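Heads up, the next two complexes both have chain A, just with different partners, chain B and then chain C.
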Partner chain A sequence: MEALTWSGSLGPFLNPVMLAAVVVFFAAFVINLLMGFAGMRPADPIVNPDHTISYRMGPVDITLAAMKYAVFAVLACIAIFILGGILQPGMEAKGIIGGVSAQFLPVWIGLVVIFVLSIRYKRRLGLYGKLFDNLVGMIGFGLVMFWILTAIFAPTIATHGPIDVVASMRNDPPGSMVANAAADGHFAYYLLGGDALGRDVFSRMIFGAREVLTIAPVATLFAFMVGITLGLPAGYMGGRFDTLITFVANLVLAFPVILLFYLLVTPEIVEAGVPVYMAAVLFLLPIIFIWVLFYSRYRNQPGVIKWVAVPITLALLMLYLGTVFEFDPFVWLTTSFIGYLNQGNPVSDWMLTTRESYDPLVGIPIDGNLLIVFVAVVFVNSPTVFRIVRGLVLDIRTRDYVAAAQTRGEGPWYIMLWEILPNARGPLIVDFCLRIGYTTILLGTLGFFGLGVDPESPNWGSTINEGRRLLTIYPHPPLPPAIALMSLVLGLNLLADGLREESLKD
Partner chain B sequence: MAEKYDGPILEIENLSISFFTRLFEIPAVMDFSTTVMPGEAMGLVGESGCGKSTVALGVMQDLGVNGRIVGGSIKFKGRNLNDMSREELAKIRGKEIAMIYQEPMASLNPAMKIGKQLMEVPMIHEGVSEKEAYQRALEVVTDVRLPDPERMLDAYPHQLSGGQQQRIVIALALMANPSLLILDEPTTALDVTVEAAVVEIVKELGKKYGTSMLFISHNLGLILETCDRICVMYSGEAVETGSIKDVFDKMRHPYTQALFRSIPLPGANKNSRPLVAIPGNFPLPNERPNGCNFGPRCDYFESGLCDASDIPMDDIAGDDRHESRCLRFRDIDWDAPIRAAVEVQKAEIGDVVLKVDNLKKYYEVAASALFSHGEKKVVKANETLSFTARESETLAIVGESGCGKSTLAKVLMGLETATDGHIVLNNKGVESVPIQERDTATVSSIQMVFQNPFDTLNPSMTVGRQIMRALEVFGIGKNESARRQRMLELLDLVKLPRDFADRMPRQLSGGQKQRVGIARAFAGDARIVVADEPVSALDVSVQAAVTDLLMEIQREQKTTLLFISHDLSIVRYLSDRVMVMYLGHVVEIGSTDQVFSPPYHPYTEALLSAVPIADTSVTKEHIVLEGDIPSAMDPPSGCPFQTRCRWKKDVPGGLCEQEVPPMKKLADGHQIKCHLSDEKLARMTPVIKIAAE
Partner chain C sequence: MGLFILRRLGVMLLTALCLTFVVFFLTNLAPNLEKLAKTQGNARMSDAEVTRWLDNRGYSRPLVVRYGEWLGVVPGWTREAPDGAVTGRCIGPADDPAEAPTFCGVLQGDFGYSTVSAEPVSDVVGGRLALTGWLMLYAFALMVPAALAIGILAGMREGSRLDRTLSTFSIASTATPEYVSGVIFIILLASSTAGVSPWLAEMGWIEGRTLFLGSARSAMENITFWNFALPVATIALYGMGYIARMTRASMAEVMTAQYIRTARLKGVSFRNIVLKHALRNALIAPFTVIMLQIPWLLTGVVIVETLFNYNGFGWTLVQAASNNDIELLLSCSIVAVLVVLLTQLISDIGYVYLNPRIRIS
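For the complex of A and B:
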């Protein structure tokens, strides 16, 4: 058996078509450009007496149409490749492109379901629904959803494990066959080739999506919570507090990011506990935010405070203590109490030793390095968010509905969180999307520098870095994660553009 | 220009303009015809959304990407603008047709000096030398009566006040000596006395340069003062056009009539002759009815006739170019007295509920926020205010921007605390109690209605929730369902349908939002309601309805209304007593009759003269104030009004510049702050005279 071809059995028919379409596109583009220099313009639309608009085609319009149809032709070819990959039997017929798209089957199904449902009910879905009136937004949303679904279905999509090594596959080109695969029950090909250690590039890219998409959105969310919690009072109350916080924010922004990261991972600084202290502060702000959110709204309804707000806040505090300090007040209290009762006997000793080494009941176990990355990303992003929020608040606080809330005696936190914040949501949502993109790039950069994350991890950034060394000889290992990173960030930016455009329309 | 042309300057025939969206066409202007003769001023009135600005943009051929002229022609000096190329249009725009927009700051380039912007016009259009252009600029700036023209030319736009900026915009438009000047609400952003001065300049220069004008406004009074002819628009159509005299005195379209009945003219009175609001709402462009657009709101509607087919403009025999778009104007008895004007009993004025005594509010403005030592400036926003307000009484607070009325409102509400003096509310001194420390009863007893309907409601909360939040804060209702019940009752009170409770504010019209704002203010059974220009941002026909609603609630609930406004017509219509403020001082206070008849404070006199009145039988004494309102940061010495006062010379010994005049008692409850002697005051004549009919 031989290695797979890129386009499989469809290639001989579709490749010439695609090539022709590309040629037509560039030819039309050049002609159009020349006509533009010559001063020719597209024909104006004609308004008919029955109040409709029609167009008469001029030469410029014909080139534009040619470009449009060429793009359609390329898209159609891609669609056929994907469908062909799914439908054709046998890996040789599928080819690499077909094989990859067949592996992505759950993602395709998921995308179709999401789009069909969303477009069907878009009138009832608010801003999210309006996204489907906007081509740019739809493309962006599609790209983002593609990677989210990939992350969700990663084990099904990936052909091998992210750190499975087949020594004979070192630096093998895409489509290479894995020796003895059938005997071991493995997938028979390395679809996108193998890397320098003989791991499957395709599978590492797929699992990398998981890594990137868990850290980036959560870190961005925390950065937003921190930025909002500080930006609201700074903008609303102004004065010295504002001056101070703005100054600190400028200070953080002025500090070189990469240097900051290097500092944060320096062993001395880690040992001194700086990242943990920073996490202690940065993670506490969202809890304060949520508590104030509830309290200001329901301060006149003690029932809601007692049965909803207090339990939620306490639960979050537990989570916070468990996550940041690996400290569980329940375990600590019970072990201390029982230990006190049974001083000097074996039960007590057992209790005391467990207390030293127990895992908190609640709390997300975060790897030390991951915590540093997380803290660093939140720390770097929150000043920008702070400034955006502050600017929005400065504008919105002059509105009459804010004055109305003041004149009925509302507290400042109610006004900030319930009168101002909801009306700042448009720009914040847009920025959130953009910022996930930046964070993804930042994580990639960090991975590239080998900062923070586990070197074995399939994280896109570190994978690109590993592939960099042999780039001139074997370009195939770093390219897939690079393209993946690019398409995700592009998708987030397009999504943000679409959201911005649609949110302005109301 | 040299070429002679004596036909009409602008001839619009059956113009139709539509905006195209992805889904459908929205007709903005339909079948619009008008002619502007040389030297003539044409007024275009109508409510917002009626298409009057679209006509102006159509004339400029500047409709944006979505707008298109779908029918008719616009002829400028006999040449059809629709057929012109971009290059030809560029030659005409700015040179032959100039436009003045509403917001002066938006029409000036903030990064360019005034002189440069002015000189650009003749340099581009006529290719004159820089020196000549400078001379011309100097001349025009002098023409718009700006002091110190050379310094003006050397200034940046932000260094000038709003009134000065608008004059510069006018100068900019006049630089090329255009044949047609389009003014789109040129004075809406300005204060009344400044507006009067700007209008005066426009009128005068129009005559001097022989410019034709297309004057777009929603203010009938302003049109009466500036124009020769008028065209009333409703929902994309011209409904009546003719000379000012014909349309104002012999209106022949039901909409024009309804419009005049809904504005407070002298003689209207909240008890004996209330305003008549136009029922219903303005139709959306894509929901216009068949036939007559005004049909569903018209008193004279006849089904089968008015809703059958499109209605053409029809000549009115005997008048000069007077046309009406009404099929029944010959059948309607136009002189019939106003129906349905229910007389109501005047409410009994009760005890004093609010007493303000020598209230002072000073702000300290530091030079820098970070290092707050150094020089501090004191802004005297309110200076020794004293007044009382009684139960069921409407006290109007009149003044222009910067007079301190908003500061007064803030101090009353407790958003600021007074620097000195006393405020007694419900027998409690509240002058130094900020709102956080006031008890719920005090807070709920004094509430506010805000000016801007688009801003008064939180856009991301339903209407019902916002009212319920107020109830919750005021501790009304035991639980959620009791509060919901009370909220629905409040919606009934302001005459809104109950299903509005679950709507978002963006689904409501301006007038409806304002009603919700009123409902919210009355949520805690307010004893005193401070209404800060509650109707000034609304369309005329809606204004009347909201005003009436306020009056009705006041009668029912015996509320004290502090009505802040700059519009003296509405103040005269609804208030019992009036307080006139200028630069933080109360300059005159008294009952409505006392304030509106001589003797006046000189500022009141000017204010009365400045307010345009849409009634041809009214003659006004013409008083134009020089200059702008001084800044509160740097008030003039002595009497605050002395810089603009025309009576200053009648006070001997320069007293006005040295001392703040004392409050002088003229009659029972009528006080003014002026140095003028009693005999001088006695010689004052009424500013507004209504000719005997």
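For the complex of A and C:
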């Protein structure tokens, strides 16, 4: 068997059509631009004597129509390629494009289901439903959902493992056959080629989506919690606290991001324990936020406080202690107690040694390198969030409903969290989308400089970095992750734009 | 105004002190110093030898004192070896200990020695800054006019087809970080096996093997279009979108103002409205954005200089950080922090100057 062609059996028919459509589009675009500079305008509607409106197409309108149909033609060709890839039997007929789109089958199904359901029920879905009235927002949402679904279904989509090495496939071009694939039970092709170590570029890109889409949104969420917890009191109360926090925020903002990353994300800093101290502060703020959120609202309902707020906060505190300090209070207390009862016995020493090596029951085991990456990204993002929140609070606190709450005798935290925050949600949601994109770019930057990431990791940034050394000779390894990162960030930006437009319409 | 500038300068000084102290603290953490001792001395030193090495070079004293020495407000350390030879912070290998100055720090203009290249830091940073200056200059010369043009064209008729096309372009450009656009540019324009170069070479339209050069190393001596276009375009592209969007927003706001409507009703042509009435007012907001964009470009400069092998300031920063070259890194951070703070100051002053409605006590 030979290496795959890009477009498989459909190529000979569809490629000329697509090429013609692209040529028509660009020709029409240039002609339209020139006519625009020459002062020609689209035709005005003509009102007929019988009050109907008709158009007489001028040259400008013809170019515009040509552009529109060319875009439709390209989209139709892409759809046929995807369908052909899914429906045709045999990899030869599918080609690389068809093969890739066949691998993405779960994603296509998921996208169709989500879009059909959302458009069907869009009137009942609030702001989310309104997104489907907006083309830009819909495209952005589609791109983001594409990558989220890819991350979810990564093991089914990927053809190989992210670190499976086939030595004979080093730097092989897209569509190459894997030798002895059937015997070893592998997928028979490297759809997008192999990288410098002989790993499958396509599978690494797919698993990279998983890495990026777990860290970026969570880090952004933490940055928001920190920014909101500090920004609300700073904006609402003002005074010394405001001055101090604003100064610190400006300090962090004045720090060039790249310098901060290079100083913070090093093995030596991890060894010195700096990330743990930073995590201790940054992760505590969200817990304070959640406790205050409950307490300010349900202060007069001891039942809720006792049975909901306190257990949740305690559970989060346990998680916090387990994650940041690898410390489990229950184990510590029981071992100390048993050790105390057995003073002088070997049991006591044994208790104390097990205590040190015992993994906490609740707590996410995070390796030091990942923790510092996470902390650094949260640290860089939260001052900006703080500024946005503070600005919004300064604006909202002069509103009548805030004055009404003050007259009712509500406490300051209730007003901040339950009167001001819900009314600031629009801009915050929009900024959240933008910021996930920005965080993705930051994570990519870290990966690009090889900071704090495992070299084996399929993270997009580090894959681009690995590929750039042989870039001019073998361009195929860094290109898929680069395009993936760009499309995800573009999707998030378009989504934010659509959300902003729709929320402004209210 | 004078008081305002004075107060801003005070805050700036305080910020610079805090930031350099943070950098000093992070570079002088115990594991970093141990790494320094092992790279400078012997990789197989025992812990006791490491401590002695650090003692002999004055690294083992309190952090604040050493920060003071580096600043030049605390007298530099001296040490008399058992054989009577005097060494010290301010005493170079060839200097006479008796004549050496007591203070030698940043305030005295002494930025120290780079431990890796064994050259005075000021020499290293100075040359590199000039190289980066050229990169920034060209990037700005490309980015600012392009971004302003896009923003103004998009904002003058909000919601039109032109506006939507240009806005999509600017969103796409903010979504393309330098390490993505740089890689794509190199593949498309500077690769001998992919993109347009093999085709052009086959047609005989270009002399070399590639259209543009994928490495800007030769631009350090001699800048040409072929070796400098890609790095400049890469930096400019990412910053362009943001400025263009801000300009568009500002222009769209101005176009809805009362005086524009008045001009329209008087019968002023659309071209004159845009050029004479709207433009000047619409450019106030982008001015601040452009100034504040400079520090953001620093990250881009570091990425682009690494990607295109251009040994400028960003490249030096990366080298200094990865080798833990403490004094070089400190000077780099001073430069970076000063750039950030100065641009903030200029943007504040410029904003007040450009917009007479704003009065700051």
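We adopt the following convention: the second predicted complex is superposed on the first by the 482 of 506 C-alpha atoms of A that agree within 3 Å, B and C clash if a C-alpha of one lies under 4 Å from a C-alpha of the other, contacts with A are read in each partner's own complex, and residues count from 1 in each chain.
Assume a contact is a pair of C-beta atoms (placed from the backbone, for glycine too) under 8 Å apart; a residue touches a chain by one contact, two chains touch by 3 or more.
Predicted, not measured: the structure shown is a model, and the values here were computed from it.
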**Touched partner set for A:Gly11, first chain B, second chain C, both or neither** = neither
Between chain B and chain C, more residues of chain A are touched by C
(message) With both complexes superposed on chain A, which partner does A:Asn423 reach: first (chain B), second (chain C), both or neither?
(response) first
* Just chain B (first), just chain C (second), both, or neither: which does A:Pro475 touch? -> second
Counting only contacts in the complex, chain A reaches chain B at residues 45, 47, 51-53, 239, 243, 300-301, 399-401, 403-411, 418-419, 422-423, 425, 506
Chain A residues touching chain C in their complex are 36, 136, 247, 250-251, 254-259, 262-264, 266-269, 271-272, 274, 437, 441, 444-445, 448-449, 461, 464-465, 467-468, 471-476, 478-479, 482-483, 485-486, 489-490, 492-494, 497
Listed in rising order, the residues of chain C that touch chain A in the complex are 11, 15, 18-19, 22-23, 26-27, 29-32, 35, 162, 168, 171-172, 174-177, 179-180, 183-184, 186-187, 190-195, 210, 214, 295, 298-299, 302-303, 306-307, 314, 317-318, 321-322, 324, 329, 332-333, 336-337, 340-341, 344
Listed in rising order, chain B residues that touch chain A in their complex are 18, 20, 25, 68-70, 369-370, 413-415, 435-436, 438, 440, 443-444, 447-448, 450-452, 455-461, 470, 472-475, 506, 517, 520, 524
